[in-house]
Amino acid sequence: MPVPEPFARSLAEASAPLADRFHATRALMEALVAPLSDADATIQSMEDASPAKWHLAHTTWFWETFLLRDHAAGYRLYDERWPFLFNSYYEGEGARIARFSRGMLSRPSLEEVLAWRAHVTTAMEALLGREELSSLVELGIAHEQQHIELLLTDIKHALFCNPLGPAMWEGAPKPAEERVAAGWHEHPGGIALIGHDGFGFAFDNEGPRHRVLLEPFALSNRLVTNGEWSEFIEDGGYRTSSMWLSDGWAWVQREAITAPLYWRDEEYFTHQGWQARDLNAPVTHISYFEADAFASWAGMRLPTESEWEAIGQLGDPASGNQLDRAEPVLPGGSEGMFGDGWQWTRSAYLPYPRFKPAAGAVGEYNGKFMSGQFVLKGASCATVRGHSRASYRNFFYPHQRWQFTGLRLARDLA
Amino acid sequence: MPVPEPFARSLAEASAPLADRFHATRALMEALVAPLSDADATIQSMEDASPAKWHLAHTTWFWETFLLRDHAAGYRLYDERWPFLFNSYYEGEGARIARFSRGMLSRPSLEEVLAWRAHVTTAMEALLGREELSSLVELGIAHEQQHIELLLTDIKHALFCNPLGPAMWEGAPKPAEERVAAGWHEHPGGIALIGHDGFGFAFDNEGPRHRVLLEPFALSNRLVTNGEWSEFIEDGGYRTSSMWLSDGWAWVQREAITAPLYWRDEEYFTHQGWQARDLNAPVTHISYFEADAFASWAGMRLPTESEWEAIGQLGDPASGNQLDRAEPVLPGGSEGMFGDGWQWTRSAYLPYPRFKPAAGAVGEYNGKFMSGQFVLKGASCATVRGHSRASYRNFFYPHQRWQFTGLRLARDLA
Amino acid sequence: MPVPEPFARSLAEASAPLADRFHATRALMEALVAPLSDADATIQSMEDASPAKWHLAHTTWFWETFLLRDHAAGYRLYDERWPFLFNSYYEGEGARIARFSRGMLSRPSLEEVLAWRAHVTTAMEALLGREELSSLVELGIAHEQQHIELLLTDIKHALFCNPLGPAMWEGAPKPAEERVAAGWHEHPGGIALIGHDGFGFAFDNEGPRHRVLLEPFALSNRLVTNGEWSEFIEDGGYRTSSMWLSDGWAWVQREAITAPLYWRDEEYFTHQGWQARDLNAPVTHISYFEADAFASWAGMRLPTESEWEAIGQLGDPASGNQLDRAEPVLPGGSEGMFGDGWQWTRSAYLPYPRFKPAAGAVGEYNGKFMSGQFVLKGASCATVRGHSRASYRNFFYPHQRWQFTGLRLARDLA
Amino acid sequence: MPVPEPFARSLAEASAPLADRFHATRALMEALVAPLSDADATIQSMEDASPAKWHLAHTTWFWETFLLRDHAAGYRLYDERWPFLFNSYYEGEGARIARFSRGMLSRPSLEEVLAWRAHVTTAMEALLGREELSSLVELGIAHEQQHIELLLTDIKHALFCNPLGPAMWEGAPKPAEERVAAGWHEHPGGIALIGHDGFGFAFDNEGPRHRVLLEPFALSNRLVTNGEWSEFIEDGGYRTSSMWLSDGWAWVQREAITAPLYWRDEEYFTHQGWQARDLNAPVTHISYFEADAFASWAGMRLPTESEWEAIGQLGDPASGNQLDRAEPVLPGGSEGMFGDGWQWTRSAYLPYPRFKPAAGAVGEYNGKFMSGQFVLKGASCATVRGHSRASYRNFFYPHQRWQFTGLRLARDLA
């Protein structure tokens, strides 16, 4: 089910009218769940993941709470019992169900949630033109786009947990073209400017823009591939403790990890079910621990966030293999710094100098997660085109890998 | 949705034709899920419980495996991938999904499972008249009736886990009448015959029939009520360690137990949602630990299985508040030994003298559970009328309480 | 270190003066810890086990609390802080440390605990002649003898957890003689009297004496041996789910069980360190689950408690391989119903008809454990000779096996 | 028991002969365990901690393995079974016991371990003069000094777990003097040089020295005190989610944290048992989560590692309240950047640019822990004087707090 064309085009264009981008985002999420049954949209496969229906509802709760409730005169909540169900983690917004109980919400049904979405989308019309709300609306759009990506990765995991390995979309992916020469982006070091410059929307954690000092380095011009990962496995990568961080090695042994998530024999699990694995495509669904071990094995290292960003600033963040419409997503065709898979950096997710969280409940958005996680840069095949930026800071715990997470190698220059 | 009348009547009559009872049972389970959406039927709220859809499918798997596959010439499996999904615990029938993954089966859909049911029910027609299969068919009917009860208790738990507390059926239950005089069934002791006598169907664990020696005792003529349980609570029942078994006290403290399952203020959760608690109705949803503590508090004890059965043999197992059709179930109106709630005995679930499990995979049915559990006797409001017998041995672990489990007091006579 | 001879002799003779038996028991426990360092006596290897020092102290707490504090005029507690440390599970006696914190008690030292023991033993002299206290003293002696056995099995486990496998006593055990003909004790069935007759000391759980009805059966005249257990292993016993109870099979898989506890290649761990395994000696350190599976494999069954007792009443409970002095203990030489290893029965540990727990805190002794455990009969090589009786009811959970637990086969007679 | 004076003096003087510093360090660790019994030295109170005896042995294993075995011709291992027991985490050195089994090592005894120490110390004499080994010897000394601090914090925790709260040393601490004016170290920002300069010993993780860019900032001239922490508590610090990192808030709720570790009413637990809490002394035994929440509450922030080091380079790392001899340790008297408590920074423990781990098994020392932990700077009252440096990088997980961990506030300058 295609997103209506005028909307689809608006997604990637920051210059498109705000209202268009709002509608395009809302419509895209709804188009993505079209292949799902009510039951598909209800199940939760692990604590890290949420049901598809929950994503549909939670993003709607965001608009209803922070825009309609607070700014639309006389707006009444669609259902007063639902905020308890669909608040995610905003302590400032009161109690909410335990995270792992999201999978118990067979009611409201998918149909009821979609009706709520339509109601809220319509009610939002009146606010989209109000200048003083535009930054909140921008935030809401960005928030909903994040949940579009999570919806895609969460439902992939849920379908994977079904021994039947059901496909969300029929058909088979087309193979990636063989990559020709791998090369390097070289950087002479020196002072670079990092972080968002304040023109246009960004999350609070991307700023303030600040100077960093870099030593000369090089970044690979492409992501590590499935074929290269197979060599790592064949060379005993998962059995050689000296390549691993201590926590990583403990994780490998405790969880009996021997390959990326979703690998099985010569196949991998995709939104189109089990498919032959494409050796030329970028590897994804690896943890930080695995990415770091691979880099050690390859005699290189992961980039820092600043290094990545210094190079990434030169690219077009709306380029590459990213999400434009409700279609199967799979790494495969990217060139450039964005698309295919998020790229682990060796930088912990910590506040930038003089970072201040946004005020109010929306300020709980980013700052409170600044411990124990690593930054990922770029964008994946499941990222809404136009959503990411060079300054974008994605973050996950080092063992997590149900996102489209891959790696790009770095090395020091003399 | 009523079960077609001729079928409903057949359920409780052992003399009804086998084919009628087969169809009535199949139809009843299907009628019970009529109020459920695909999503309702898919969710699994805890490891002890299974999705409604799984019950529909597992019972169908039973017929397809042990009857059609083994005895219907040329029968081909409806879907070769499904036995892996819907085998419960029969090691002899091969691998199966981990118990707590049953909640991941959004596919096949409820509709597909119902289509499979219809297919299997039709295919079974040809076998229902074959004399040599009649005991297997009886077993299958009894098996499906057990899953009818589990379906009702499992979906109740799942709906309870939703903060909205959705009702499966609309309306409110009608109150139980006030019980008048409590009295006692007295028994002089001596040798009694216990266990199934071999006439008609019984599970293998009910036999062989054997003699037991009883000391004089009395059984209450009714179950303990919600009102009496409230007195126990008010008297500090859940805070007084001396009334409890050691394992029970540890459970109370670890789980912060302060009331039966499903109690909240003056309400309890039912298939009709949250309702005012009926003080005159029998208490249910209590664990063995709680039943034993209550009996200690009351200065009495729980009956043994033999004592219960010696009295229960005199009653009509098809009487009382049991399940006849697809309607809300709730303890309330019973007299006699059967109905309202299963009754905890102080007897461990162990083999009778000279017990031999049935041969083959169906022999895995009962014997292998003979450690750590206690016997319950009688029948509940969710038991298909006609399913239970005086010799029937229900069994659960002492902490479990999501079934309709209650208690009847006993005492020694001089 | 031998127990002084007059004391040792008193242990097994019920007719010996109470004071002699008191002193013999106290002295025996102290003699057993002579090979242990303060550190050996302090460590706790698992929640089920307690440090040797704790056993020394807890038994002393028992005398100080229930005898000296309550009955010796003017007695003052040796140290008012110690009851909190050394109460085991008597809720009636107030708070106590979490069970798994017993291993944190490096203070008081072994020497201090032994000094406390000496103080309490001396103080007890004045009470030993008081007739009205004699049953409490009997209880205290029996209680201390139980802890002697636990001390031996707990320290064995602790030393086993040290990769050095240190020996508590030097030297090697002498081999068991080869058993000649295995035979059967046959019993014609009928009414038997079971439970303690009230002459002499018994725990409250052994009574009241009552009639039971037995069907004709036979008991093996000896325990299953290590050699026979090896055959079970070689025949795939631990890999064949059909032989196991459901909970047992889950335990085997979860814990990766492949042999009795303490087996390693052709050796087993003993109080004398790692030793060649004696094929003719009775197997011990098996769980109920294993015993039950072995019996299934052998085409037989475990005896019921009543069956065992009906035969056991004919034997001398002070015969066989039991504990007389502070020497290494190991199954090996027994004939008869007592000694070598406790014997799992298929009877759950439940109250006898009309059982009433003893009044007061000492009444917490047995009754509150009556759920989830199985009865063992007989006596082991670590049981103080004179401690057990035909009516004795030992009990453990079906997965536990750090005691000297073995099995004797039973079968039905026509 | 004092360390022999010439040795004590050598500890803090980098210019002292290597052999003197070796002997001083060995002697200090032995002097510290003088108040401990064999049992005290054997117990392990949690997985994070190790028994005192284990520290004595592990440090000896280090010398025996990396110096004597590898470099002393003809040296034979004192006991070939012991490396398995006393290797900590060096995968390159083969198998070792599970970390939480260290508390099972009642054998070898404390006396045997001390004899081994003496043997190895003597054997080391011959190597101390060999120039090519001096950096390995330096590493061994630094390694042993780290374990001296761990020994002190681990035994503190073990004694705390004993409800008797035993004191390791008698007497009461003397109170800290009231701090007068709190002030600020201001820094104008700009390029600073960070990391070890290569003169003298440092751990591999401290280098290479490199440039960083700082924004203007100020650091408090003293640590936060117990009195200030009490205000935080009284102001609801532990109950206000908005002050906490998300992982920190989850930890507070899961563990029911309401105060620093070792606080009880107006007391805290010390090596001298329970003592009145000194309000003027620096707070310690706080987690990163707590430090970060306090800084939020105070309207400030934690320093980065670079900020701290830029200021710390100006101070004397051998000044302040640090460990000189075997005496009770307690925060209290420091001025300056070093001593009293390690100071949490907001910097994750990650590799410096161009960091390369040392080659061989000793290279497992630091690099493999570079995920999930935060850097602490300075030194504590339990740090051997002379051990720390401005470039020193201590690191722990954000929830850990059994070390002497405190905080120094930072703020931005315009």
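Here the chain labels run A, B, C and D in written order, and each chain numbers its own residues starting at 1.
Throughout what follows, contacts are C-beta pairs under 8 Å (C-beta built on N, C-alpha and C of every residue); 3 or more make two chains touch, one makes a residue touch a chain.
No experiment lies behind these values; they were computed from the predicted model shown.
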Per the touch definition, the chains contacting both chain C and chain D are none
Separation of the C-alpha centres, chain A versus chain C, in whole Å, is 59
Per the C-alpha means, the centres of chain B and chain C lie apart by a whole-Å value of 39
Going by residue number, chain C touches two or more other chains at none
Contact graph of the chains (line, ring, star, complete, other): ring
Listing every touching pair of chains gives A-B, A-D, B-C, C-D
Listed in rising order, the residues of chain A that touch chain D in the complex are 89, 91-92, 191, 210-213, 215, 241-242, 244-249, 288-289, 292, 346-348, 350-351, 353-354, 364, 368-372, 374, 398, 412
Residue positions on chain B within touch of chain A in the complex are 37-43, 45, 81, 84-85, 97, 101, 103-110, 158-159, 161-164, 166
